[in-house]
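Residue numbering begins at 1 within each chain, and the chains themselves are lettered A, B, C, D and E in the order written.
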C-alpha cells in the first residue's frame, strides 16, 4: 500500500515536471509568436488582431500564469482547435493515438512472436549455428534504418507483388478485418523487425543465464522434456529485461513511430507531432507530450505490477 | 512405474554398475579431468556415501551416472549399467524417461534448486504428470501424501506457495518430496544439507534415511562432511582428484581407514569430545589441479608419507579386506606410515 | 528463552553490549524483522567469545551492530571504555578500526578486481599510516603471518586463490591495522573441513601473536567449541545461554542448546546420536512468539514459557541461562545448583 | 522548399496547352455525348493544405486548390483565350479608370446549405480577405466593398488606385465563394471551419487532416451536367515516389507530380496507366537572395551575379529532376507574358566570370567572404544545396554554410527575412500583377517583420514597372513591361533562376476528362488547359469509363 | 574500432585505381584519404573531367560508386565513419560518465537519494525521446539570424547523451546494488573507508565491466540513432557526412541508385555487428575473470 502511494507520488512529480517543462518550453522556441501568426494564416495581419490572437493563447502572461492556464486547460479538456483550424486538438490526438496504439501493439506482438522463439532456440544452443545466425540477423535488423526497410519492403510488396496497399488507410478492425490486416501489415513488420532484433538479444542473454541455474538442472533431473524446460521453466524468470525494454518502448513507439507512419501515410501520433512542430502547432505538441508522458508513467506503473506476476518474489519486495 | 512394481524388481542384485567412468571438460585452460576412471557398483536399497574435498568431482560423478551433464565440451568415457541397461549411449528422450522416474536427484541449495516463479504444487506434480500421466486431481492427491510423508505442516497451503515463502528446511523437504514422487529406485543427494542449519540438517538426514528404508530406495549421498555420511550410509567412497582413493563399508572406513588422505580428512574435523583449543591436524598444500594432475598418486604432493614411488607410480586400488579397497603405496599401518608418525611425534589415530 | 537481564555481565570487559536491539523493515510491507531483540553480553580482553545459533537468529546482525553498520535501534555498546552508540560518525569511523570483521564467504568479502596487495594495503591507505614503504613492509609481514607468500601472491587477484587462501587474505586485511578485536562471522562455514582446520589453527595463533579478542560466530558447535573460551547461544534475536565452552558442552542448561548439540553429526558411525530432535519450523522473526521465543518448539515448554519472558540467571558458576525450566533442574527462580550428571 | 505556397493569386494565365502523353491522351471530348456519369475517384495530392477551409485563411498551394475546387467555385476562371471569364459571377465590370468594380452574382445559385448566393455573399467573402496575412496583402488597395443598393445581386469593390488586372485575382483564392451563413457560424464554432460550404460541384462529406478529404456529387450543381463523378476523395501523400507507388498499387486513381524520376517513368509508358504533362503557367524553381540586408555581400550586384554565373543548373536539373525540366532564364515560363528567349541571365555556367566578379569584389572588400544558405531537411533540397555550396566556393566565396531548418521555421524565416540565400519555388501565375506583392517595395518590410517580399527587393525601377502594369489592360504595353521586368531581374540578379517546373498528371487508364478545357461556362466559354494553376485540373469534368 | 574498419579497406582503395585509365581519379583517391581528410572530398576535385560522375554505380566508379552530388561514396563513408563513430563514442562516453555517477550514487546510497534520482530519470524517460531530441537540437540552433552557422556534432551528442543517461543509470544502479551488498563493501566500511572511496575503489571497478560492455553495445545503438536524427534533419549539417545522413540522403534514390543508401548501410551494419561482437567478447572475458578458481 505504502509502496503504491510512493509510486503514485512519483507519478505526480513526473507529470508535474513534464507539464511544467512543456509549458515553459514554448518560451524557448525562437520566433514562436511569429510562427504562430504565420501558421494561423489570417486574422492576424494587423497589430490588433495579432495581439488578440496572442492574448487568447496566454502567450504574454508570466510563466507561472501560463502554466496555470495550461494545466487548467489540460484538466478541463479544453484543448481548443489546431491553429490552422482543421480539427479540435482532442480529436487529432485521439485519432492519432488510436492509430499509434494499434501500430505499437501489433509491432510489439509481432516482435515478441519473432523474438521469443528465436531467442529461446538461440539460447538453448548458445554458441551454435542458429545462435550466430540469429545474432547477425538481429544486428542487421537493428542497424537497418526504418525508412530503408520501409522502402525496400514497399517496393517488393506493394508495387511488384501488389499484396498490400502502398499507403495505409486507417480501416477499423471490426469494420473490415481483412482490409485492416492488409493496411497494417507492412507498417507493423517494419516496426517489428528492429524491435525483434533488440528483444532477441536481450532475451537470449537472460535465458542463457537462467539455463545455467540450479532449478533448470532440477527440472532436467525430473525428466522434464526440453521444450517444456525452455518454455515452461526458463522463459518466465528470464523475461525481466525484455518486459522492461518492451515497457519503455510502449511510450517510445506510441510517440516515436514517425518514420513508419510517414512511410505508410498513416497519420499516427508521432507523425502528427512532427508535422505539428513543422506547422508550429505548439499546443498540439505540448499536449501530445503530456499524453505520452502519461502513457509512459502508466505503463511503468503497470509493468511494476507485471513484475510481481513474473516473479512472485517481487511482490514482497525481496528484489527491492 | 508403481511403487509395487519397483519393490518386486528390487528383490536382488545390483542396481547400478559403473565401469571406468570418466568425465572430462574441454575448457579454454585445458581438459579438466573432473571424474577420471571410476568403477563401483550399487545394490538395490544400498546407501552409499561419497566424500571428498571440494572440487574433487563428487557432483560431476553423480551427474555423470545420471547422464545429466552439460551438452557442450564434455568428454565422456566408460559405462553405466542401470538394471543392466547401458545409460551412456541412451538417447536424450529415453534418459528423460528415466530421470525423475527411476533415478532422482536433490541438490545442495534448495533455494536455487526450486523454480522461483512456479508454485510448489505445480513443481511437485510435474514428475507425476510427465512419468505417470496423472491427471491434475490425481497428482494433487499424491503430492499431498508426499508432503505429509516428508513432514511438511499444512500441505494444502504449501501447494499454492512459492519457494521463497518457505524456510530452507521446508524447501529441502519439498525437493525430497519431488524426488520421491515417482518412486525412483535410486536417489542422488548432492550435499543436501550443506546450506542448512545443524538442527535442520539432522531432520533432513533423518528424513532421507527414513524414506530410503520405507521405499527400499538406494541412496547416493554426496557430501564433504564425514559426520553426515557416518550415520546415514552403508558404504563410503572417498574421492580425491576425480578418482576413488578408498571405498569401504561405513563402519570399516571409520575404524580401519587405509588411505592417508582419509585419515587426514578425519583428523581435521574438530570433535565435540575434545576440549577447547585442541590443535587440529591439517592437510598442507593445495588441492590438485585437475587440468594437469600430478604424476603418480595425486595426493602425493600433500602426503606426509609420500616417497619417490608415490610421485612416480600411480597406486592401483587394492583390497584390504572384502569390500574395502584403497589406492595407496603406504597405507595407514604400513611401516612407512609408522616411521613418519614417530618422526612427527604422533601416534596413530590422530592426536 | 528470550534472555533479558544482565546477570552475566562483568565489569572488566573490553566490549560490553547491553540490550542491543536491531530491526529491519520488511520489503514494502511496513512490517519489521526483529533481528536482534535486546541482547546483552561482553567479552574480556584476550577472550574468545563464541556465538552459535541457527540461521537467521541474528548472529551476523549482532556483529555488525557492534561496528554500527547499521546503527542499532537501541541499546548500549561500549568498547574499550567508549560508548559507540553515542559517538558521532567520524569517531565511529575511527573506532571501527579497532574492531575488524571477517566474513563467511571468503570470495564475496574480497573485491575480485583488486590485487591482494591492494586489498591488504587499503586500510593503511585509508588511514595514511606511515610512508609507502612502511605500508608495504607491513602488508608483507601480515601476509606472511597468515601464511601467504607475499612475493608470489601480492599481485594476484582473489579469484586465483582457493577459498582457504582467500580467507587468510581477508584475515590479513583485518589484522593489518592491528585491531584490538576481530569479529569473525562464520569464517569457516564455507570451507572444506581440511581448510577449516587450517583457518581455525591460524586464528588461534594470531590471537596469541596479536593479543586479540575474538568474537567467533558460527553455527557448528564443534567448531565453536574448539576455538572459544566462552560460548553464547542465540535463538531468534535473543540470548539463551552463555557459559565457558567446556561447561556448556558438558552440561547444556537450555533446551535449545541441547537440541543443537544433539543435531551435530558425529563422524563416527559407532556413536548413536541422541535422538533429541527439534520440533517444527523456526518461527519468523517478523512475528516472534510471545514469552520465551523457543517455547513453540521446546519439549519442556509450559504455560509460563508462553507468557513470561525468562530472565538470564546463573545456573552454575559462570554458566548463565535464560530459561524457566533449565535442563539440569532448577525451576526459576530457584537457587543455582551444580550440574552433577 | 517544395511548393511553399504563394497564395491563391498565383492563379492563372493563358498559355498554349502543351500536353504530351505518349500512350493515351485525353482528347477534348464533347461532354454531352461520350461521357458516362457516376463512379468514384481517389486522387493522391502532394500536400495537405494544412489550413482551415475558409477561403480567407487558406495558405493555398496546388493541392489546396485541388480540394477547394471541389467545394467552391471561383467568381472568374481563366478562359481558353487566356483572359478571365466570369464563372460563378455572371459579370464583372470596371468603371472608366478601373477604380470601381461591379461584380454580379449568378442568379439562382444556392450554397450547399441551401442559402442563396448573392451580392452580399460576394461582399462578405472578399471583405474577409482584408485582414488575412497573405491575401490581405494582395488586396491591400481595396478601400471599400459593398452591395449595390439597387441590385442585391451585385457587389461593388472600390480600389485606391486604378487596378485593371483585378479580375485575375478573382480566378483564385479570393474568388472562392463560401456560404456567409457558414462563415458566420464558424466564427464561433471552430469545429465547423473544417466543414466547408460552397457552391461547388461536390458537397463536403468527410475530412481528416492529412488523411483524406471526400466530397459527394452536388446533385443541384448550377452548371449541369457537371460534375460527372458521384464522389471524389483526395488523399495527401507527401512523397512523390510513394504517390506513384500508391497509383501503381491501385490505392489511388490519379496523382500529380513534379518528380523527374516519376515523370520519366511515365513518359516511357506504363501498362494500364496514362499521363498528361503540363508545362504552361508553371512555377519557376529559383533561389532567393536577400538583397538589402545590412552588411551582406549580397547587396552587391557583382556577388549576386557571380553566384548566378557560378551555378550549373544543367547538372542540378539532370541530377535532381532527371533532366525533365527546362532551365529558367527569368521568372516567366515559356508561354507566359514576359518570357524571353534571352533575358541576359546566364543560362550556362561561366565559372571564370564568376571568379572574376568575386575577385573584383574582394579587392574592394577585404576580409573573409561568407554566405549562409538556408534549406529544409528534404533530401533533394540538400543535394541542391550541396551543389550550390560547391559552385559558390569554387567561384571564390570563402565559406558557404548550409543552414538546415525545419519546414515550419523555413517559411517564417523567409517571411521574417532572416536569410541570405534561400531555396524557393513559386510564382506560377498568368499576369505580372500577380507578382506585385512578392516584388514591390511596399511589401518589403524590415527584417523581423512578416513580409511577402522575402528578399526585401527595394528597386524603384521595379516598383514603377509593377505599378504601370497594374493600371493597364493593353496587351502590348503589358508585354513590354513584363519583358522589362525580366531583363531587370537578369541584370540585377535578384534571384537565381533554376528551372521551370514540369507537372505530370498520371492516372489509371479509363479515367477521362482530366483536362480543364473540358469545363465550359453556361455562356459557352471553355476553361484554359491546365486550369491556370500548373498541376491542377477541374474536378468537374472527370469521368470514368465503365 | 574505427581504424580497424578503415584500415581493412585501405588496400582496396589503391587497388581500385588500377582499373582506371584516368590518372586523376587515382590521385584523387590518394589525396582524399578519408582518414586524413579535413573535409569530405567533393567532386570539384575531379575537375579534369568535363563533368562530375554523378550517381554512378559502384561497378563503374570507385569502390562504392558516387552519390548524386558526385561525391565518392567510399570516401564519404570512410569520412562519415569518423563523424558517426565520434558521435557514438562521445555520446556514450558522456552518457556513461553522467549516468554512471548517478547510477553508482543511487545504487550505493539507496533510500531517498535513490528515489530522487529514480524520479529524475523517470522524468527524462517520460519525454518522448524523439521530441526531446528535436527540442535539444533545436535549442542549440535557436538563433534564426543571418549569421552563417552550421550544426556541429555538439548538439547531437548532447541530445544522445541525454537520451542515454537513464538506461545507463539504471543498469549501473542495478549492478551497484548487487555489489553494495557484497561483504567486501561491508569490510571497507569496517575499515573506516568513506562513501566516496567505497564507490570509487570498491564498487566502480566491479561495475566497470558491465559499463564497458554496455558502452560498446550502446555505442552501436547510438550510431544507428544518429541515423534516426538525420531522418528528421537533426543531424550534422550537410555536406559533412555521417552514415545516418548518407543513408537518408540516398533513400529517395533507392530505385535508381541503390548504392547511395545501401553502401553506407552495409558499413553501418558491419560496424554495429563488429562493435557488438567485440562487446560480447569483452563481456565473456570479464565473466571468466570474475569466476572463482
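The working rule: contacts are C-beta pairs under 8 Å (C-beta built on N, C-alpha and C of every residue); 3 or more make two chains touch, one makes a residue touch a chain.
These numbers were taken from a predicted model, which means no experiment stands behind them.
J.: How many steps does it take, at the fewest, to get from chain B to chain E if each step moves to a chain that touches the one before?
T.: 2
J.: Determine, using the mean of C-alpha atoms as each chain's centre, which chain is farthest from chain B.
T.: So the farthest one, by centre of C-alpha atoms, is D.
J.: Please compute the C-alpha centroid of chain A, do the same for chain E, then give the distance between them in whole Å.
T.: Measuring from centre to centre gives 23 Å for this pair.
J.: Could you give the separation in Å between the centres of chain C and chain D, each centre being the mean of its C-alpha atoms?
T.: Those two chain centres are 91 Å apart.
J.: Using the average of all C-alpha atoms in each chain as its centre, how far is it in Å between chain A and chain D?
T.: Between these chains, centre-to-centre, one finds 39 Å.
J.: Give me the residues of chain E that touch two or more other chains.
T.: 138, 144, 232, 248, 251, 255, 293
J.: On chain A, where are the residues touching two or more other chains?
T.: Only 30-31, 155, 277, 316, 318, 320 qualify.
J.: Among the residues of chain D, pick out those that touch two or more other chains and give their numbers.
T.: Residues 239, 406, 409, 412, 416 of chain D each touch two or more of the other chains.
J.: State the interface residues of chain D toward chain A in the complex, per the touch definition above.
T.: Within the complex, chain D contacts chain A at residues 44, 50-52, 54, 56-59, 131-137, 190-191, 193-194, 207-212, 235, 237-239, 242, 245-246, 248-252, 406-409, 411-412, 415-416, 450.
J.: What does chain A use to touch chain D in their complex?
T.: 30-31, 34-35, 37-46, 49, 80-82, 84-88, 92, 95, 154-155, 158-159, 162, 164-167, 169-170, 262-263, 265, 267, 271-272, 275, 277-280
J.: Which of the residues in chain E end up touching chain D in this complex?
T.: 42-44, 51-52, 54-55, 68-69, 138, 141, 144-151, 232-234, 237-239, 248-252, 255-256
J.: Show me the residue ranges of chain C that touch chain E in the complex, using the header's touch definition.
T.: Going by the criterion above, the answer is residues 64, 67, 69, 93-94, 96-97, 99-101, 103-105, 107-114, 122-123, 126-127, 157, 159, 162, 170, 173-174, 177.
J.: Which residues of chain D touch chain E once you look at their complex with the stated criterion?
T.: Residue positions touching the partner: 239, 241, 261, 290, 293, 296, 315, 318-320, 370-372, 376-377, 379-380, 382-383, 385-387, 389-390, 393-394, 399-406, 409, 412-413, 416, 418-420, 447.
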